[in-house]
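Next up is a structure, given as structure tokens.
Going by the order they are written in, the chains are A, B and C; count residues from 1 in each one.
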Amino acid sequence: MVNSNKWGMVVDIDRCTGCQGCVVACQAENNIPINLEEHFNQRRAIQWIRIERYWEGEYPDVKARFIPIMCQHCGNAPCEPVCPVYATYHNDEGMNVQVYNRCIGTRFCANGCPYHIRFFNFWEPEWPESLKNQLNPDVTVRSRGIMEKCSFCVQRIQRSTREADRDGVDLEDGDRGLNPACVNACATNSIIFGNFNDPNSEVSKIKEREMKEGGRGYGLLENLGTDPNVIYLKKVDESVEVGHGH
Amino acid sequence: MVTDPGNRVIESYVETDNSAEARKAVSDGILNIHKVTSNRFWQFAALFGIMFVLGLIGFVMRLSSGFDDKAAWGYYVALFAFLMTTSSAAPMVAIAPRIANSHWRRPISRAAEIWTLAGCLNLLIYIPLIWLLPSLENGRRSLWFYGQQKAQDMDSCWVFCWGGGVPAYSPHIWATLAILGLVVLGFALLWLSILPDLAVLRDHGEGWQKKWGRKLALGWRGTSAQWNWQYHRMGVVGAFYFMMLVFVHFFISVEFLMVHVPGWIDSLYPITHAHNALQGGVATVMLTMFFLRKFGGYKDYIGLDQFWGLGKLLLALSLLWFWFWFSSFMVLWYGKKPSEQAVLELLVKGPYLYLFITIFLLVFILPWFTMIWNPVRRSVWGPPILAGSILVGTLLDRIRLYVGAWDVAEKSEMMHSMMHMEMEEVPGTIPSLGIADAFVIVGFIAGSVLIFMLATRLIPAINIWERKEMLLYKAEVQFHRTKVMVMGKPR
Amino acid sequence: MQEHTQLSNKQINDDLLKDILTVPKWWLPAVAFLSLIVLTGLGAFFFMMYHGLGVTGLNRPVMWGFFIANFVFWIGISHAGIMISAILRLTQAEWRRPITRAAEVMTVFSLIAALHTPLMHVGRPWRVLYWIFPYDFSRGIWPNIRSPFVWDPSAVGTYLIASSLFVFVCLIPDLAILRDRVKNPIGKKIYSQLALGFRGTPRQWKLQIIAGILLSALVLPVFVSVHSIVSWDFAVLIGVEGWRSTIFAPYFIIGAIHSGVSAVAMLMALSVWLYGLDKYIKPDHFDAIARLLIVVATTWFFFFFLEWVYALYTLESPEIALRELQAFEWPYGPLFAIFVITSFVIPVPMWLFKRVRRSAALMFWTTILVNIGMWLERFLIVIPGLLRRTHMTFDWGTYHPSIIEILIVVETFAFVCLGMLLFAKVLPLIPLFDIKEGMVNRRLIKVGRRVVPATIREGLPHHYYENKH
């Protein structure tokens, strides 16, 4: 049992096929409002994890690159100091937490986030009567005017922690009850979730292996100094010559 | 006819005493003091002369160490920046209040203008720096975009240039032109200002003063046309001097300071640097005023009004110092971006921490907390003490910035893009002050003061024609139970 | 001032009080019209509160739009009051006398208009009290003082209180005159209470003047800090590349002075036209304010130029993309061109000519242009910055303001105008005692063959000026 946890993820872009299974799973798990076409047109669709698609190359050698982006739970989060009412703060398990009932919706945090992973409820979310039964009772249903974002399925972490304490066992790395919904849903195992403070966890081993010189690991927009808790693994693609990076 | 709000006629006009005797009394008074040079003056001049020679020795020692090691030249550049911050900015005390029609400037504007002569020393000090500025070929960071472009395609060594390998857009050319322009404008300002006084010297002076006056006064007779010409020119040259000063400081702060520190992208800094110059200039004139009053024999001319006026200005400028510093600091500190944090580590929190605290106390805390009290501000001794504190603080500040910057010059990683440039590592200690550097600092400051002192032997240190102008505008009248001063404010 | 009419106390009283004691014909229709606009705006706000912020044009990534641009604009305008009142009072400039009160009152109303916007633009306005009061006393959760949004209410609130105090202290002698002149018993009672028993004794005058000077000096640091804090709402965010500029604090302040002083010039022209106060606000006053504006506008333009140079200095792709959007793409390109032309290129060269400076009409139209340009400037800082934020081009956005946002913005303008009109009905817009002081202190000096105006200087005791020739 480690003294304190530091939850994080590794996302292997080489494996991601852009199937959006993680997006759907997240929506189901976290009571995310249903995004209609008009919401996408208004650019107000809420997707706590989204697949960004970038095109590379000229016809006929065009390639699509997918990168799943969710809240990076930054160690040095730019969204945290700017909230006037402390609705977002860093908890002691290394996660950036959003407190819905405190949020008054100034959207300052959304401007601070360089990854654009914070979402605002512009409208009052509505579900058709039949779909109300599928709402997850462990997750708050947010009203309009509140910011929300990926929470690493904190309700699942909390439930697993409670059950492990009750049963007197340690939390198991890779336990499907502990993993966020997106991790469980991914068909190609692109996303791995775990505890960076546990040297035996999968994510720690990958970090050890890939984050050194010559490895595939990097943090998104590293130079901004946000210290993200999500490590991305570069795509292995011998055929495409990559130009000078950013 | 002037009536008071009760519709009673009070008086027609206030008469001012602008007779020929009054005017002659003004010029005689000043010339009498100007003619006398005490022994103590020559003793101090000799002392400063010796210090200046020491400075030259230090300069030669510094030259002999060559141009390769930038960090070694840090103190030298700091001194150059200090002189540009103090003596080059001193004329602003003459220019700005003239535009605002403030009468308290009259006794001190000449002293402020004489400081422009020290500009030629600045120009000489600048010359070695031309070799020290990094060239464009190895992709130096610069406000001139070509330099960055070179950084981005480091494989191509082709440089568009003419002549001896110096391109037309090279910062070296523009820096030289700017500083040269400033010196020339300063000389022009001074000469325009002393023209009528040279005529006075020519007509009422004796011996060599008469000859000197006749040569330079260019047949000044004091006709309306000549006065108009002079006013107009002084206004124009003054405005250009100000603009050139801002430009020079913009230049120095970018090319001599910011480009050397990887990751220091601070859009406010040119303004901060120019403001520090204004503050330094006012402090310089304040000290000059004090010495002229105490040792120059001008006690009756430089009075409380001058110290009070400049004191208010110094107070406001000290407060502004804090504001400019804090504006830069807040933005760089809050975001916690690693490259910016490294810059703050270098200049504020790291090896220069104690120096920075000292500077903060000397330049902001001490002046502000003492000069908000009226008894301190409205005194003859108060503002000069604070001016001294500000000057010491400014020297230390230039040392902190320039020595620090040149210490990390050209030591950066991730050269491929400006935004991602970060220092390799923040140095742990301040480069030590060598003998050559100490000589240079002491010597060239003494040299500037020496130039000023010698100039006051040739040029009267109080502006004679401006004081005569005062006779036109100032009168004392009875107001109810006291006497007050009535000041005319023509356009 | 070179031109001057020496007026008697009685005449000053009559002129400046006539619009309080009687109602001008145009006043009621104007107030009705403005009230209608204000009510419509408030209606729009309630509509927005009921349906959610979806009725605006905001989206991800443009989370702030018209409301915040408007907020910054009104904070900017509010800086004029202090500039004119405090700084000109401390430097003893004579030409400030007719315009100080109008400027200060405009400050107060524009601050209230500015404070509308943060209250209106949040997602849950009914919970806004959390912003200022602790949410949970028992758990000790206080507002987050690291947040610029907590410094904002502190600074703007301090500024509002200081400005209101300033207006009040300078109103006291005029309230006393009104108390003595008004016939309506209710009005008389109110004016008596507000006048605090001012009788014009030497001690009372001394206290009033000292209070005015103290407030002038104390409010200057507030003046500098308010807009700096508002600018740090933007500059502290690393997530928006276009806002990461240390020059933001002084840039916003000088922009505020530019737009604020222009607004005061507009007010001056309106006072002359609507209230017929041309004996008090002379072409000389317009000339003086225009000269100030030339210096301010040029300094502002230099800061604007510096901001752009440093943005391009880094040659970093998000920054370049942002500047390209601002300067070249529809609709921001044309708006940018309009902004530069109206805030500097047209007005400033015009102000170089004496004829323009001395004409109330030309000053009015040029300053309206300036304010149009400065509103656009605020818009061009806030929105394009949010549209082109970081390297992640997938998230670059678009923004179209909705009718609700436009209505609320218009409401703030109407609110300020309404406030000024209501104020002018109840209290004199030109400070009577200041004008009378100017008359009393005035002298003429004969210089050669010309006679120039002169003033009695407040200053040091007599013997300090004695110089031996």
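Definition applied: a residue touches a chain if its C-beta (ideal position, glycine included) is under 8 Å from a C-beta of that chain, and two chains touch if they have at least 3 such contacts.
Note that the coordinates shown come from a computational prediction; the quantities given were computed from them, not determined experimentally.
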Most central chain, judged by mean C-alpha position against the global CA mean: C
Most remote chain, CA-based centroid, reference being subunit C: A
Chain centre separation (subunit A, subunit B; CA means) in Å: 56
Length of the line joining the C-alpha centres of subunit A and subunit C, rounded to whole Å: 45
Rounded Å distance between subunit B and subunit C, as computed from the means of their C-alpha atoms: 34
Touching two or more other chains - residues of subunit B: 334-337, 417, 419
Junction residues of subunit A - those touching two or more other chains: 78, 81, 224-225, 246
Of all residues in subunit C, the ones touching two or more other chains: 236-238
Interface residues, subunit C side, partner subunit B - complex: 2, 6-9, 91, 94, 221, 224, 228, 232, 235-238, 244-250, 302-303, 306-307, 309-316, 319, 436, 439-440, 442-448, 451-457, 459-460, 462, 464-465, 467-469
Residues of subunit B touching subunit C in the complex: 2-7, 12-16, 18, 22, 25-26, 29, 100, 143, 145, 148-149, 152, 246, 265-271, 300-301, 303-305, 308, 319, 323-324, 327-328, 330-332, 334-337, 378, 417-419, 472-473, 475-477, 479, 482-491
Subunit B to subunit A touching residues, read off their complex: 334-339, 341, 414, 416-417, 419-420, 422
Complex contacts: residues of subunit A adjacent to subunit C: 42-44, 52-54, 69, 78, 81-86, 102-108, 110-116, 118-124, 144-147, 221, 224-226, 246
In the complex, subunit A residues that touch subunit B: 76, 78, 81, 223-225, 244, 246
